[in-house]
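What follows is subunit A paired twice: with subunit B in the first complex and subunit C in the second.
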Partner chain A sequence: MFDRIPAQTLRLLILLAVFAGVVLFFAAVIDGYLNARLFNRISTSVAIIALIATGQAFVVLTRNIDLSVGSVVGCVAYFVGGLLALWPGMPPLAVALLAVLIGAGFGAVNGFLVARFGLPSIIVTLATLAIFRSILVQSSDGASITTDSLPAWVPGFAQANAFTLGELQLRWMVVVTLVVVLAAHLFLTRLRAGRRFFAIGSNPDAARFAGIDAARTVFLAFVISGALAGLAGFMFLSRFGNITVVAGLGFELKSVGAVVVGGVNIFGGSGNVIGVLVGAALIDLIDTSLVRWELVSEFWREAVLGLLILAAVVADALLSRRLMARRRRAAAGAAAAAPAIGEGRT
Partner chain B sequence: MSERGLAGRLRAQLASWEGFLLLVVVLLVALNAVATPYFLTVQNQINLFQLSIEKIIVALVMTFVIINGEIDLSVASVMGLAACAFGWLFQQGMPAGLAVAVVLGIGILCGAFNAFFVVAVGLPSLVVTLATLIAFRGMARILVEDRGIGGFPDWFNRLGQQPLVGPFPMALLVFAVLAAVAFFVLQRTAFGRRVYFIGLSREVAAFSGVDVGRVKAAVFVASGLVAALAGLLYAARVGSVRGDVALGFELDIITIVLLGGVSIFGGVGTVTGTLLSILIVLNLRNGMALANITGHIQTGVLGVLLILSVMVPTIRGWAARLFGGGEAVR
Partner chain C sequence: MKLFSVSALALGAALAGSVAFADTIMAEKGKAVNMVLLPKFLGILPFDQANRGAEEAHKELGNTGTLLYTGPTPENSVAGQIEILTTATSQGQNVVMLSNNAGDQIAPAAEAAQAAGTKVVTWDSPIPSGKGESLFVAQVDFGSIGTVMADMALSIIGPDGGEFAVLSATPDAANQNAWIAAMVEALKDPKYAKIKLVDTVYGDDQSEVSYNRALALVDKYPDLKLIMAPTTVGIQAAAKAMQDEGLCDKVKVSGLGLPAEMVSYTLNGCAPEFALWSFVDLGYLTYYTSYLLATGALKGEVGETFNAGRMGDFTIEEDPGRAGAKRVLMGPFTVYTKDNVEAAAK
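Presenting the complex of A and B:
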């Protein structure tokens, strides 16, 4: 019966089952675990990481990787914070747009180096991770952005609710992220321009023969990744207010983790941003919940996170191999039963 | 050997990446020596090596990993875990000598853990070692939490901090021995040829009867062992350990190796290239420190260098077009 369900949907269902299992597990071992505060806290921090991970997914789909996103988040949070301190009167929408544009600019640097010169993305973004961070350190001169220097609406945005249902609060930040993820999902699955990302990732040569401009698509993927990291940088500024030169450090690993746990193939060509959203939520859920579990100390978070990513990748690899083998057997069986029809396929 | 043959070979050597690196090294040493008279003293050179000794030791084994067509992002976390495990074991009352042996065993286990998922399960090493980068670091933090552990025995600290033979501290001697071993194994043994062969084409190597899995496993285990050794050297040099020991070192280590001409796609590179690259990075950092350029910016400059180093074929192409004809592009 599982053969009827597309592999991507099956993956998503399994991921959701794991998510539910983890919630039940923590609900069983932690007193008063299931409450509105848990939802409010996790949804706000997922909003930031899910944005970055969605951008990362575009890049990974094209068989690349963007390790510079953490530095982009830090740079954008810092620069936008600095600009707001200089001109507090900037309209909010313009500020958000500015953050997206600065991020897209960083992404364009990565995209240009990777797509134009055909350099390996892991090296380019490893280098820009360091370069962008050093730009931040150089221009900040060690000074920090503080909440006091920001207009009141900036920290206010992180607290603002779109709707509340009893104790449950859905912050505007979360709504923005959900809209972005949904838009990315529709773009990737429904539009021709979106399918190109999959084509490049699953078979670059075939995609080129089909007339797809590989360089342009890869460039675009990095720009999208930078732009979403920029938007995340603005949210980061809004949520934390105090920004130092280490802001966003380590987000590259978390975002790659969310992408991989969310079922995007690290070799490109397959994946789903809804899965990435669930992956980001799962990672954050475990991260936040372990702190409250009395049996382990908060210092267990990283070890568990690393092993979780590994487990997700192993499960994914085994599952897709089994699916492939079963389908091949089914196809072979059909071919044997009806040689006249089966001959055309291999 | 004829005169022309020798000159031709010399020219070929200089035109190679190693030759270019050598030129850069000479240039940097000259600039540093002009900038300060203290630069060329033996003590300054030793200090220079000593400050980055853990990174450059791991760069040697990373050369094998990347030529083999894989990557090991977890080395810095293994270093951190090794240092913290040593501190923890010592604190629990284990004699330091025994703890050193146990920690080296932990390094081997870490490498074998990576190898299992890459070789037996068949996952990409980028993903596996990304996960273990987080996991091994997490284990280090479980062991020491947010404390620092110090007060190691005198002999242990002395080995890390004081000269052992003449003016040379133990870590530098370890580096020299490992560099010689790395050069011999990679450049002169059948195992070394297999490392290249697998990096060039895993399939062809497998069909030619090379036991791909065994070579890859050996390389990952060596990586874990050497990283653990580097972690111990760090603990001895600094005299105490914390959860963030060697945090982020993997970037510097990989930068050194790639700058040395090792291809990220595998199959290409030499230990000589890595050694020259080590000299460049150390001299560059020394020069930048003299010019009052701080750590983060130094890393940024290395990032620019890293991009330039992978763009070399492209730059050569531009030069060839600009000067019309000339040397053919590689």
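Presenting the complex of A and C:
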């Protein structure tokens, strides 16, 4: 019965099953776990990391990795916050656009170094991770951005609900993220320009023979990653208000985690950004829930989280492999059966 | 009007000095001492304030040597501190003033520094074992921080009692751990019998982690009355989280915070009381102590009394929290409420 479902959809369904399993598990061990508040917590907290992970997915699809995203988020949150303190009258849309542009600028630096000179992205972005953070530390001069220095609409945006259903709230920032993820999904699956990212990742040589500009595609992937990290930086500013130089620290690992758990092949070429969204939500769910689970002490939380991520990935890989094998057998069986029928006719 | 300062201990120390009939050691101005001020990491306000105090003392003493303010970037704090201390040693710097974030891991580097003639004076956060450390300039008596936090908890929760939880920095921060231990000790007094510490979680001194931990605490303990955060990052993240969720009437926030960052939360009642000492003064006193040690005026032995410019006289004493280690106790600290926070925030 699974034979007709495309492989990516199958992966997504398995991931959703794992997600549901984790929710049920925590619901069983934590009192008063399943409620509207849980949805509000996870959805708002995932909004920021899911944006970054979506950008990361573009990069990973092309067989690269962007480790600098955490520093980009921090820089954008800080610089945009600083500009807003100077010119509080800037229109909201212009501010968001500015955040995206600054982020895209950082992404372009990575993209240029990787695509133009063919340098390994893990080294380039490891370096820019440190460089961007140092730029932030040097230019901040120790001052932090505080909520008071921002116009009221900035922290207000993170709190604004698109709609509420009883206790259930859907914040605007969650809506923005969902729209971005959906747009990215449609772009990657429906448009020729989007398919190029898969082509470069699955077989760079074949892609080049097919006339795809590899350098341009990789460059674009980094620019998209930077731009989405920039948008995430604006949301970070809006949600947390007080920005110090440590803002966004560690987001690179979280985003790569979400991408991998979300079923994007770390060696490029296959994946689905809807899966990345679910992956980000799964990691956040586990992280938030473990704090509430009495059995796990603070010191073990990180280790347990790591184990659960590993388990999720292994379970996903094993299940997909088994289903793929069964499908191959079924296909082989059908192929063997077909000539037999033909022979009967003659 | 609740504006109390815990100055008894500082007063006691000053008296002990005069009782010993020791001559007060004065600094000889204009010597060349090369000094390094090494914070936990660069880019946050308290450490910059400490640097301001050190620079003030540097000018006042007419030091013809250099004062270098340098530290690791936030993501590289532990390894970076050890590296900078080692580099300072090989450069032949006279003193390194260290706010230790590396626990006892830094002790071998500090011992090597001492052996090579570079003094190591800790401030803000000591080396837990005291190994390799000439002296620790303590902002306040660590035991009295415990009492003040317990008092603030009692005053906010009220005589009917209730549950509260601690939101700390990193699990291995020497100063926070010592303060929490001191508070647990203080809570044994029968007058705190009705307030109950239910949990300690760690926000890693990052806004988003602290913010999410604060919300998780509220979810985990439905009857929680107070979150006590002995870290300037944690306290404002927790206050923002409670304000954002409209929980300020139910769950208050207290701890150690910077007036400039906390003023709005104190005025709107989310964080009615919090405490802190002056980091400018701490930097100033640390500088004086280090200068005197490096010039040989101060031997660094228990009972020595010295003059620290505008801050008056101080005496070296045994550190009650760390056997065999020596400290200079600054004190006092101020408890901020809506009555005095605005003036301090400017």
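In this text, the second predicted complex is superposed on the first by the 308 of 346 C-alpha atoms of A that agree within 3 Å, B and C clash if a C-alpha of one lies under 4 Å from a C-alpha of the other, contacts with A are read in each partner's own complex, and residues count from 1 in each chain.
Heads up, the rule we're going with is that a contact is a pair of C-beta atoms (placed from the backbone, for glycine too) under 8 Å apart; a residue touches a chain by one contact, two chains touch by 3 or more.
Quantities reported herein were computed from a predicted structural model and do not represent experimental measurements.
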When subunit B and subunit C are modelled together on subunit A, clash or fit: clash
A:V245 touches, of subunit B and subunit C: first, second, both or neither? both
Which superposed partner A:P120 touches (first subunit B, second subunit C, both, neither): first
Subunit B versus subunit C as contact partner of A:V313, first or second or both or neither: first
Partner chain(s) touched by A:V304 [first = subunit B, second = subunit C, both, neither]: first
Partner chain(s) touched by A:A7 [first = subunit B, second = subunit C, both, neither]: neither
First (subunit B), second (subunit C), both or neither touched by A:A130: both
Partner chain in contact with A:A158 - subunit B first, subunit C second, else both or neither: second
Subunit C collision site on subunit B, chosen from 20-28, 110-118, 128-136 or 236-244, when both complexes are overlaid on chain A: 236-244
Interface residues of subunit A shared between complexes with subunit B and subunit C: 129-130, 133-134, 137, 245, 299
Residues on subunit B engaged by subunit A in the complex (per definition of touch): 71, 117, 121-124, 126-128, 130-139, 141-142, 145-146, 243, 251, 254-255, 258, 264-265, 294, 296-297, 299-304, 306-307, 310-311, 314
Subunit A residues within the subunit B interface of the complex: 65, 113, 117, 119-120, 122-124, 126-131, 133-135, 137-138, 245, 253, 256-257, 260, 266-267, 297, 299-307, 309-310, 313-314, 317
Residues of subunit A touching subunit C in the complex: 32, 37-38, 41, 45, 48, 129-130, 133-134, 136-137, 140-144, 146-148, 155, 158-159, 236, 239-247, 249-250, 287-288, 291-292, 298-299
Subunit C to subunit A touching residues, read off their complex: 41-45, 47-48, 51, 73-76, 171, 200-202, 205-208, 211-213, 215-217, 219-220, 222, 233, 236-237, 240, 244, 260-261, 263-264
